[in-house]
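Structure first, then comments.
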Amino acid sequence: MTQGQPLVQVRNLKMHFPIYAGILRRKVGAVKAVDGVSFDILTGETLGLVGESGCGKSTVGRALLRLYEPTAGSVVIDGEDIAALPPDALRKKRPTMQMVFQDPQASLNPRMTVAAIIGEPLDEHTDWTEARKSERVYELMDQVGLNRRFANRYPHEFSGGQRQRIGIARALALNPKFIVCDEPIAALDVSIQAQVVNLLEDLQDRLGLTYLFISHDLSMVRHIADRVAVMYLGQIAELSPRDALYARPLHPYAKALLSAVPEADPALEAQRQRIILRGDVPSPANPPKGCNFCTRCPVVMPVCRDVEPVLTEVEPGRFVACHLVSPNNAGGHASPGAEVREHNQQGEAK
Amino acid sequence: MPDGAEPVLDVRGLKTVFKTRGGEVHAVNSVSFHLRPGELLGVVGESGSGKSVTMMSLIGLLPSPPAEVRAGEVLLGGRDLLKLSPRDLQAVRGAKVGFVFQDPMTSLNPVFTVGNQIMEPLIKHMGMTKPQAEQRAAELLALVGIPDAKKRLKSYPHQFSGGMRQRVMIAIALACDPDVLIADEPTTALDVTIQAQIIELVKDLRQKLGMAIVWITHDLGVIAGIADRVMVMYGGQVVEQAPVRELFTNPRHPYTRALLKTVPSLTGERAARLEVIQGQPPLLLGAPVACPFRARCAHAFDRCEAENPQRRAVDGLPVGQGHDVACHWTPEAAHG
Amino acid sequence: MLSFTIRRLLTAIPTLLLISLVIFLLVDLAPGSPLSDVPLTVPPEVRQKMLEAMGADQPVMVRYLLWLKQFFWIEPLYGIDALFGTDFAQGAQRIISWQSKVPVFQIIGERLPQTLTVVGTAYLIGVLIALPIGIYSAYRQYSWFDQAGTFFAMAGFSVPTFFTGNLLILIFAVNLGWFPTIYDTNLEVVDWASFKEMLAQMALPVTVLALFNAAEISRYTRSSVLENLGQDYVRTARAKGMGEGRVVLKHVLRNSLIPVVTVVALGLPTVFGGAIVTEQIFKINGIGAALIGAINVSDLPTVQTVTFIFAVLIVLFNLIADILYGILDPRIRYD
Amino acid sequence: MTEITLQTEKVRGPWADVWAQFRKHKGAMFALWTLGTLAVVCLLGPLVWRIDPNFIESDTVKMFRMRNQGPSLAHPLGTDQLGRDMLARMMFGGRISLAVGLVAMLVAIFIGTTVGVIAGYFRRLDGLLMRLTDLFLALPLLPLLLVMIFLFRDPVAGVLGPRLGTFLLIVMAIGLTSWMQAARVVRGEVLALKEREFVLAARSIGTPSRRIITRHILPNVLSPVLVAATLGIAAAIITESVLSFLGLGFPPDFPTWGRLLYDGIAEIRTYPERVMWPGIAISLTVLSVNYIGDGLRDALDPRIRGR
Amino acid sequence: ERGSDGEVRILYYQAVSTLNAYLSSGTKDVEAGSLVLEPLAGFDQDGQLFPRLAAEIPTVENGGVAADLTSITWKLKEGLVWSDGTPVTSADVKFTWEYCTHPEGGCAQGAKYEGIASIDTPDDLTVVVNFEGPKPYPYQPFTGGTAPILQKAQFEACLGPAAQTCTEQNSKPIGTGPFVVTDFKVNDVVTLEANPNYRDPAKPAFATVTLKGGGDALAAASAVMETGEFDYAWNTQINPEQQAQMEAGGKGKFVNAFGTLVERIEINLTDPSADLPEGERSTVKHPHPILSDANVRKALSMAIDRQTLVDVGYGGAGRPTCNLVPAPAFQASDNTGCLTQDMEGAKALLEGAGWTDSDGDGIRDKDGKKLSLVYQTTVNPVRQDFQALVKGWWNELGVEVELKAIDPAVFFGGDAASPDTFQKFYADVEMYANNFDGTDAEPYMSQYLCDKIPGPENQWQGENINRFCDPAYDALVKELSTTSGIEARGALVMKLNDMLTKDSNVIIPLVDRGRFSAQSNTLGGFVMNSWDTELWNAQDWTRAE
């Protein structure tokens, strides 16, 4: 299992959804759902992506797999730029990258049996015999811990956790290298979340998978991710190794986010000092000038309202986009991509 | 905490069943609890454990059919709510008992202004005139921290963000100064940062207004932060009940124990693997004769199969006052 | 909203032009000739002359362009002249019915009152009885009232109006003699007696049509109310201590009416278009009867003009329904 | 879980569930029985009741005695103004009316679903197809039918013979003029389905659009389509009867229910039962089909079925 | 006394489109117009000419008709005025001719004015009509409801193309008749009031007339006979049983009068086979493979029981006939041979002619040709019953029959592009009814001349739809056109009639269809007329108690 090599390299990824208005339906603006995001994911690691609802996490995940046509930027997976592939080549590439969706109910076709759902990628990408396909389906069901007897049942006959297993089995069908997990546990009951997370970890160990793990549950991300990217309003605010981030978040937003997470410990809770952010996230169609967090930042400075901070490596392996944090923020920023690459050379091994 | 005070709300032996095609679903089974003035009771339990149904049974919000409250008493200020006529019950709802629901996106009527919806109970229960109600509605909005309250009365729910809508819901629930506020997962649909805002708000309001609150959630973290006492529900029953610190430090029921372990923590040791509770929640079909948790319980033994455990006190205080648990198994026995 | 409206109106223009062309070609292509009701005693040469005089022998494109000019330019001029006493039209040729040699717009003007009173009243009554039935059926879902409502609504759907219409005539007009069988267009309501007469002659057709409409609209209302009854905000309203009446009639109804109102708006063009079968059965010489009569004798200018106006109404009311939706539902804001 | 449990449970097709749920709907079951009985009687009845529906006594004296009889053993539904047996005519007409209803509905549903799916799925074609739908909604039905019959009757009849030709033509005519509602419903449904995560999931697997449509979209628009279909049968039977009413239907010696009803109305004063039989048959059919539609809608809704 | 009897209510289920008979010759329009506009002379209930605006009927005897038959001189009654009070003059009569013969006017009654060379108006009351040649029947122009006199002053601006757009004039013509229009709603209702200037000061008895349109024959009959909403309903052709039932109600009665309208089966003498190339189908190029055999035609006729048809379809409104021209008496042939059905005879005839059922399938054949016919008519309940009955008889005879019913608008529309017009005759036999205007049968009989055969070269506009062609017939028609004198002309018409029916069976007459209307018991003075409009004597109507 090779580790330390970037499997996914994202550079300056932008995803803008146009807004049309007026009599002639002219484009009057865009929802800047993702606005210049760069990061790498190393082979075999799990990158956690956290942030508030609507900050663009899902959009990053989908653009990565080119389920959306990115507005700009490149996404190199396993040496090929996904963002630029022609349709046929893209289709051939699909087996290497898969996705697990947030809502296990919604992501399974209610009118297909479990076997058909798990077997669909096989139908699309192999010309195996029925027998071989169903053998593989059973194998996958074993792998994710679903009883083979369930093969002919329908999604609505399962519990949430079981449904999510079906979704994971489908993602695994073609032996992918890279899986985007878009809030795979958000819709599940606490007692079941753990089962799914454990399963994902087991599979990673066994199959050497690489994950982009999207979540807004920071405690779960702490458990599963190796490095964590904190997103705010379409941009990455901080990208750090897990332990460093949880021990000492650098970006004010990351701090606030972490402090807002309740801890299941009354003693701790009693002493915690929460940083309560005021107001709501601005609309991505109309982000504030300067730092996009300036409207809610508890330690906002005048410069933040004018100059957009750049994601910079402030400590080894830790990237922050904040005027307060970056030591030499006066200007002359290197491109974030370059810095990210730099970091990757020192990327920690698991 | 005024320990000896008369409870504002006293629920005894509440039983609610749903009549479905598949049979009777015993969603709430002999649930008893009480609420003292100014106290915040946290209710936790996994999805389907009967938290919402319990609370809605109290004030007759369940659709009937299929729901039917079979037994029990709900004493609020000395009156049994279950025996009230529909009219009298209406006078209680919103006036004596405020309700905040989980999903702020759908819980407000999309076609009426926020002001209109806050004013409704004011006019109905407090007999206010429209201008009075409007005045009060603006105060309430300001109270729950919505800036520019007077103007925002004219806004429609969709013009508010999720957090603001939940504030509006709280404002509605608080409108008539209720004795009891029931919050059914009020922050589950919200982001952590917004959740933090709402929690702070409620803490704040509690201080100011001093009402008793029931806070339903399945997030143990939230409970740890705000509750005085915690009630754990499983399979339509109360399986454990204790003051908050006691519960987190000394959980007695295997389900509570497992639940506490499944939650990863932000701080402290990072476990290599998360604990899981295997198996499925019970279907609740038919009256329970055995412990509902037995199928998933690591400590289950013959008796669990044969007899549904009663709540018993752990710390010597009467059941419901201190720490009690409904389980045949005792950790001490296991160790000993 | 304004820009949405304007944009929709602008896109409607090419659509309508295309519709007018298709209608024209279609009507022209349809077999039959304007001379089919001319007796066989009239010899062929004379028939040929009659065709020439109508202009029916011109190539179809020439006739189409002429009609376009007349419809969009000359007729509006006459309209202005009639309103303001001006003389912009200067005697330009209007759209003339081949059958009756009367301007088509005059025919429409004569027909509209009957159609509007009968079909319009029927529609109104249909809506008025449909709403309470729909609401109550939904509120008491699966009650006997609901079941009966469902049955009658479906029965109303399933029995063709020409069956019910004739049956009602036989029973109430012929056998019982309560109502006239033939609609009197000239009847003007001037006093109580004539008002009663008017009611009498409208009773049967309005009943037939109203029941038919009510059947449909009550179904829509029911399903819409049902859907809204299950919404969270209803629970909120109850939790606030609102009475059932207020919950249903204020909170649920307002939301449920949004789709119903649009359905009603979409159905309104049929009021102007008349109800062909009902008009025929009850001898109401309304727009529907005019259209079917014109079709029967291949009176192309009339068919073309009436159907095109109908098409315009359909497109227009589609737009109105959309706008209504936007007005009634604060969540929807165009642009 | 390693042991290979080949003992899978009895394979239950999706329709088994639907059927199980459907059976719970009393109204729908009753309607299904009614419709089934009607269909069987029309289909197989003529094999038992072997009177030619167009048979007229050629002996005029006998013929006059046979006319306008009330129900009797020899003629359970009586005879018509030419002494033809009404039962035979009803059964013969039922075959046609039911067939017209069914096939015309299939045509309408096919067109409607195709247009709706394409318009909903491919944004580019949406505007165009919806304008087309508007166009058809705005077109006057009668000239359209006349033109179709005029243009195609002879060519079609030339290939298929006059009876089958007329049948096809009428069915096409009704189908072509009644697909718009289905198209709108389906389009709306597809627009929503397209955004569902399982469609996205299929795309992430690399499933091409056509298979996404057939595998994921179509099965999920099935319930609105089926409901539209049941309504469509009813509408088609009524439209056929209106066509007869306007003289555009089948050849005169084809006693469809619509024609019988229309003929009967002329006699409603003298022989009311003659209008009753076809009236009842049509209403029963439409009513049954509507109830079946209701039952199907429930049965096909996984939320209801899941319970 | 004029106007003393209040309102009379008339129902025309086909609504009135225009009151100008020259622009639409639809019967309903002509009839409605006749309440207002009058010709010089009309026909009474016996088909006899009587003067209306004319002082007397011109004849050769009284010198009104020139001896060489090339002109006729009409004298107007003295002191006649239009409803607006202006005098009626010969100029109006001449104008009427100019109006209808204007090449761009599209006059529907052009045939009435054919062969007129000029019209002189020597004085205000005298009109001399000069014909291009001798006219043995000079009474076509200006007689009958189809050729009324228009007021020159009113219609002057409506000559030629303008005729179509003169809405006001066409819907409210100024006339001399008993009533004047007060309101006209197209295809709906006409209201009229008594003409204050009507020439007989005591008439009409009714002050107002409401002439309503809409519905169908059954509803119309019911409105008079059952509900009593109307005094008179036109053309209440309903089935015999209902006739009896309604009459039993006692509110009114059905009135009938027989004219020249004959329901008949026309035989196609050419081959309509769809296998022939377009343009040759149903043309004289290809004689009919079966129906060219006169024996077959005769057998088809013999197999029909005409009385049954009448009993089933028409009752009082019809009577069986074997003639194409059943009336008036002076020209009606006395054939009765076809009136009794002779199935056995018909079978024997076919047998004898070699048409036998050689393959035992119940259908006769000869030389490999099956006796199989397509039988078309219009959509109409009575005709469909006829089709069914005739089909039954012919089946019995061993003839296979396929039925077709066509929308009347298409069948009679004459659209050359449509395959379904009666002129194209893409069928073996077809059934409809036809008659002629007035009492002179000459134009009617001329329809069957060889040169009137419809075909692609004349856009299928001929009237000889049987494609009948017999030089002897042509010669006889020629003779008719130069013969004067009622008796002599009548004899010729009878001969022509027999050639088409009895002798060749090219036309199989079925039913002599009378006019059949419903009259309330409270309407007095009504006299049914089948030669002119049914409202011909509306001035004499009264309210009877």
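Some points to look at:
Just so it is clear, A, B, C, D and E label the chains in written order, and each chain counts residues from 1 on its own.
Note that contacts are C-beta pairs under 8 Å (C-beta built on N, C-alpha and C of every residue); 3 or more make two chains touch, one makes a residue touch a chain.
Keep in mind that what you see is a predicted model, and the values were worked out from it rather than measured.
Each step here moves to a touching chain, and the least such steps from chain A to chain D number 1. No other pair of chains has as many C-beta pairs in contact as C-E. Centres computed as Cα averages put chain A at a distance of 88 Å from chain E.
Taking each chain's centre as the mean of its C-alpha atoms, chain A lies 33 Å from chain B. Note: centroid distance chain B to chain D, computed from Cα atoms, is 53 Å. The centroid of the Cα atoms in chain C and the matching centroid in chain D are 26 Å apart.
Residues of chain D found to touch two or more other chains are 146, 150, 269. The multi-chain contact residues of chain E, meaning those touching 2 or more other chains, are 407-408, 410, 418, 420. Counting partner chains per residue, chain C shows two or more touched chains at residues 31-32, 174, 295. On the chain A side of its complex with chain D, the touching residues are 62, 65, 67, 90-91, 94-95, 98-99, 101-103, 106-112, 120-121, 124-125, 138, 142, 145, 147-149, 151-152, 154, 156-157, 167, 170, 174.
Those residues of chain B lying in contact with chain C across their complex are 59, 61, 86-87, 90-95, 98-99, 101, 103, 106-112, 120-121, 124-125, 156, 158, 169, 172-173, 175.
Residue ranges of chain A in contact with chain B, taken from their complex: 52-53, 159, 189-191, 193-195, 197-198, 201, 216, 218-220, 222-223, 246, 256-269, 272, 274, 276-277, 280. By the touch rule above, chain E contacts chain C in their complex via residues 11, 14-15, 17-18, 20, 23-27, 103-111, 161, 163-167, 170-171, 183, 185-189, 191, 210, 212-215, 219, 222-223, 226-227, 229-230, 407-415, 417-418, 420, 434-437, 443-444, 458, 461-463. Remark: chain E residues 218, 238-239, 241-242, 245, 274, 305, 307-308, 311-312, 341, 343, 379, 381, 384-385, 387-389, 391-393, 395-396, 402-405, 407-408, 410, 418-420 touch chain D in the complex.
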